[in-house]
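Below: a set of structures, written as structure tokens.
Across the two complexes that follow, chain A remains constant while its partner is chain B and subsequently chain C.
Let's look at the complex of A and B:
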């Protein structure tokens, strides 16, 4: 077995700069992705998923860092000092170093995720956490920790550590572009997780593939640790990498989508009246402000005689729910509330339940030519009405108003949009 | 016959020059995490230039210390080393000005590479061992962009800043190296 001196050194070195600096660099890179975009603040589920997106680059670096911090333990000199030259001792040494490296990766990412969750939880109301996001985070970490440890066991040198970073990034890049079916890119939903959930069956497939890859690399690491000839170690390393990383793709595996729509109506929180503005529980930080800006945007419409009583603008998540008005503001930006003035006017001009307007866009609409014409007319009219409203609301930023568009026209246009029907005569007024 | 260390240094210098030139010239676009936009492959210039440079620092130090009996020779070799770096960065910079990519500054990628290399040099003042780790981390960070523009750091680094950090790092590292030579061989 690994001698007492070896174990002592392994444990002691974990609390030295040799281990601490790589750990800090991994945390720095892993955490940096968080500040590249702050839209995730507000949604706990998206927070973890966004932090996981950082693993696209940080897990690649982790593979090299792991190889780097492992190098001293696989040098022949250490084996003598640690009395780890017998077969079983080499196996235990590999397993011990791998375990320590895994702790490095998991602890580093846990720090980043913990900070991100704390930011979201401490800055306002939020939604429920999605536990499977944590499972996904494990996958690239475990795979790349094993790859880095294997590489170090084969050739404990800085150059190999650098090459491992490059290899790991190439694998991640190919996984992201679906060139290789590998469970390495595990986060980064662009539009938030509202209306979405992680699929349990998909998670099982992803975890199963990751477990198989890790197993192959780990066994290869043990064989390399046992190998007395470098040619055998090289052969095992190359073969294991080929089988582990190309195997799933060559076997025809297709990793299923990690997320699926919940299919359930969103739990909404509302503010304002005439119109009411309603958003999902994870998007309520700026709700009062957004409702206020929407209310300001109603002024020109009210002057034209439009009545917003009973009108409700609701966030729709990832599915179109008939019978509800739609809040036409980017769902993923709701917690930032950083919308242009025109966006609020536009949210008003498409307020009603209108399958011809929303169905195609979200995926539930009919695809015949008639609905396409109707949809185009509705969209053109909505754009024209938005131009009219914004010109009245904000003289500084207005476009040249159409001379035919007066209050009466606006009232007609709004009513037509509310009923999802544009007459030919009204359509003729859209163009100058 | 050149010493192995010399070949190693020359190889890493020539290798990173070739890789950087390829990255600058090839118009491939790659996806970047945290962004829904693709970026020119030149985004990897900082990491591709700085990491091999940092990796060769230990060898450079050893090269500087090999058989050096006088400080003058140390300065000469340090200057050679500096010129090699300058040739790599300068060639890339000239090419970056010629080659253009839509919406990004390839010159900034070279400036970013200089900055990352400079920080690697500064790290080497404290510990040569960690220099490549720092270069790899910063090179990876350069792939990412900060709000509001979202432009990756690799494409938004001012030339003056990259050049300043590089010169600062090199001078600090050079002074340390010469001091080590003098300490090792006071005569």
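Let's look at the complex of A and C:
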């Protein structure tokens, strides 16, 4: 479809000012959204996916930009001079302009992703890039490039280019806020992604839906190119947009979750001892600070005679590891640079070796009164001990519901949690 | 292979207004000038001859070796009065791209030959955004020539072009007239005397004169084509 002269035109015109300015605009906006939230730094595996956060806004702009840069090609004057006003010539015109626009979108986003990957790789040891992230990065770009090119083929005017930005943003916003089943907003997750990986089967489904939408818009573009009457072109354009964007939602399409748990132990890096603190490789840059804060949190417990020798706190993946303390690091906390002091204390008090609480029994124990009671007691006691430890850490003497307990109680409570067993008498001491 | 453009009782209405009415002529060699005041129907006639404007009545056909066909892209090259180029493209790339769009076998070679025909080979690497009005016009003609059409239709090619470039343009049009049928409209009388073998003058969509530019000047009795364009319709109206 795009032969020798078409490719040459495509390449040469990509490196010119009138194409370069929209390209730079897209890169700037795409990158700007990304730098407003730096939680991706250090997580090479998820950087590509996080970089998609920018597409929520920048892909809408991209749709308008590609419409704008396409307008001179679809204007009647050029089509008449180039004798591309009908038949195969207009099909070639649409296909070649679409392909060039796709280069604009993909290359622009690749620049942003490349810079983000370089930054994150420079922060230290990290996990590997997840190849499927690239598939998801393509989806909104391909869809919105096709939408913009279709709009320009139908009506090559600056006003339509602006309207396309609005329409694309509306579609993105609706997809994000109303949970529409459209692959327009992908990536840029708020939650930490450690312990997760992409599902290949889900990626195929998402890509299938995206390419179906793209296919509808692309075929509509070809039909618009071939249409002799503007009313037919208008009808095709509106119908294609309705089928492509409203169709999946009206049909109740439900896309599967993009991610699944790895089922493998996390690759960890550790520091300190008593307790030993471990974080996922992607969070290595945070390790020294986190280990220091954990060490501070242990002070009241040490004073109460608690010995943390052999205790290990590990960043939480998505599966329970018996005998390991849970360090629940949310990416938003990492992004802010620190956690609330209470979180560190809580990491120390959570029952570590307690299948009754974290393991299978809690899932299978529906109707088992004893299990439910035991779990509730464990959690209540852990909260009470957290109250106690956090109050001791605060220089002004913070008041917490259980801060009145003495060191002996704290030692007893810690030992009970470590053995996953809370007596009735100990449970009775807890204030809720 | 000789080609004849046959315009037979062709008409075009826009709503209740008649832009061209019952107009007939044939053209079989060289450059035919199409003259007339604003709104006389020149652009509509040329658009119908190029196949980009459908006629409301009558027909326009190209007859070659006794085979008649409708004007279509490939057989007719058309450069409208107003057209824009993607400014980012180099002149050579735009012409080659046009050739590729039209399915010409070797776009680069065809583009090179077309650029030579319009004397733009020396500025082929110039971006269209930096080309002068005259160069842009000639680039448009080159794009229209890449498919080696039988007929070249030029709607006011010298509009907005400086005197020096206008001379070059006329020379290009004369040369094209030796190779194919050329229809050209203009508001500048010298374009007709310099490039056209014959001239037709339109008035309110009707043909009021057909002959050589010299005949038009003589019939108008005013010493110039511009005045003839004004006087001949008056004379024609009085006679009617």
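A few notes on this one:
Following the convention adopted for this analysis, the second predicted complex is superposed on the first by the 359 of 432 C-alpha atoms of A that agree within 3 Å, B and C clash if a C-alpha of one lies under 4 Å from a C-alpha of the other, contacts with A are read in each partner's own complex, and residues count from 1 in each chain.
Here, a contact is a pair of C-beta atoms (placed from the backbone, for glycine too) under 8 Å apart; a residue touches a chain by one contact, two chains touch by 3 or more.
Since this is a predicted model, take the numbers as computed values, not measurements.
In the superposed model, A:176 lies in contact with chain B only, and not with chain C. Touch criterion met: A:85 reaches chain C, while chain B stays clear of it. Using the contact criterion defined above for the overlaid structures, shared-chain residue A:251 touches neither chain B nor chain C, since it reaches no partner. Legend: residue contacts after superposition of the two complexes on their common chain; A:29 is shown touching chain B, with no touch to chain C. Look at A:428: by the touch rule set out above, it reaches neither chain B nor chain C. In the overlay built on the shared chain, the residue A:72 is in contact with chain C alone; chain B does not reach it. Common to the chain B and chain C interfaces on chain A is no residue.
Partner chain A is touched in their complex by these residues of chain B: 30-31, 33-36, 51-52, 55, 130, 132-134, 136-137, 140-141, 143-147, 150.
By the touch rule above, chain C contacts chain A in their complex via residues 50, 52, 73-74, 77-80, 82-90, 93-94, 96-103, 107-108, 111, 127, 129, 140, 143-144, 147. Looking at the complex, you find that chain A touches chain C at residues 3-6, 8-9, 12-13, 16-19, 72-73, 75-78, 80-89, 92-93, 96. Of all the residues in chain A, the ones that touch chain B in their complex are 21-22, 25, 28-29, 32-33, 35-38, 50, 53-54, 56-58, 60-61, 64-65, 68, 158-159, 161-162, 165, 173, 176-177, 188, 190.
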